[in-house]
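Consider the two complexes below, in which chain A is the common component and chain B and chain C are the respective partners.
And now, the complex of A and B:
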């Protein structure tokens, strides 16, 4: 996976690209956990360059949502490709996270 | 070529390393595309096979990369069957209830999601104990 981070007025943004499966979920988890542990409360994950997600990636997101909620924070997600959004939909994750169609919609 | 009568069988043997999941997905994709599924359905089949193999790596082989996973794909009479065989710890799907999604998210439960997705993505999912130390998951998708 490829990661980059940036700060906007509203969010701390994690850009995560590539494939999120059992072989990469631990690096995604480390990245996300370190951001939460640093005290960020409003995290936006930009999945614009994410091509694939399996339940291993969904688990990391769910664990992170649980962790940040105890800090009174939230995780939002933007710019998911249709195939990723469909997996979210099937797993019922569209109700767990604030989802934005695009990055611009999220940060505006 | 007469697409209706198209049939084939192929197999892939890989070690139980998560690094091999991309090889497994590529193998599945090629066969599913060849069978004539839509891009959307091909994506669903790939994810279901990934989930099944991830479960094998996690639960049957407990992340040891030395185990073997045999994946057989058979396509005949519009029926696409993927059989995934391992020789790891026996898996009892009866111990894993379907997550009630509302409850699941309320309690922020983490497990069982892979199996739930497989059932949602495929037309049929079966677990078979082939012998004392051989387990098989069979996933089926029909061309509709």
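And now, the complex of A and C:
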């Protein structure tokens, strides 16, 4: 996977690209956990360059969402490809995360 | 197409590569590639994570065939007996606090595939899947 981070007025943004499966989920988990542990409360994950996600990726997101909720924070997600959004939908995750169609919609 | 994966999680890359070739050769669109990859990924990840308690190398034999109205898949492994059809579906639509991380993978397979058959034969798990086109 490829990662980069940036700060906007509203969010601390994690750009995560590539394939998120059992072979890469631990690096995604490390990134996300370190951002939460640093005290960020409004995290936006930009999946514009994410090509694939399996249940292992959702597992990391769910654990992170539970963790940040106990700190009164939230995780939002933007720019998901249709196939990935469908996986979120099947899992019921579209009701748990704030989902934005595009990065611009999220940060505006 | 037939290929063998070893019981190492890094083999998920090989799985993705092989399915990409299969779909290109058979003119199958990206959404079918995604569904085939997700279903096989979840089953293979389960086999690698829970199937073996020795530290030896094992083979997971996979065949993927294009048939007239769909794709047929067969997975064979010599790991511990595991029937994915016996797994309970996760609670979907529950509040965040009640959502659980287990069970989602098999739930995806059930959702994406039209047929799933399991048999235990001569010490092997054999899973047959069919995706209609």
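One rule holds for everything that comes next: the second predicted complex is superposed on the first by the 108 of 108 C-alpha atoms of A that agree within 3 Å, B and C clash if a C-alpha of one lies under 4 Å from a C-alpha of the other, contacts with A are read in each partner's own complex, and residues count from 1 in each chain.
Everything below uses one rule, namely that a contact is a pair of C-beta atoms (placed from the backbone, for glycine too) under 8 Å apart; a residue touches a chain by one contact, two chains touch by 3 or more.
Just so it is clear, the model here is predicted, and its values are computed rather than measured.
After superposition on chain A, the partners chain B and chain C collide with one another. Of the two partner chains placed by superposition, A:39 touches none, neither chain B nor chain C.
Of the two partner chains placed by superposition, chain B and chain C are both touched by A:55. Shared contact residues of chain A, touching chain B in one structure and chain C in the other: 19, 21-23, 52, 54-56, 58-59, 62-63, 65-66, 83, 87, 90-92, 95-96. Per the touch definition, chain C reaches chain A in the complex via residues 9-10, 12-13, 16, 30-31, 34, 37-38, 41-42, 45, 48-49, 90, 92-94, 96-97, 99, 101, 104-105, 107-108, 111. Only residues 17-19, 21-22, 25, 40, 43, 47, 50-51, 54, 57-58, 101-102, 104-105, 108, 110, 113-114, 116-117, 120-121 of chain B touch chain A when the two sit together in their complex. By the touch criterion stated above, chain A contacts chain B in their complex at residues 19, 21-23, 52, 54-56, 58-59, 62-63, 65-66, 83, 86-87, 90-92, 95-96.
Residues 19, 21-23, 52, 54-56, 58-59, 62-63, 65-66, 69, 82-83, 87, 90-92, 95-96 of chain A are the ones that touch chain C when the two sit in their complex.
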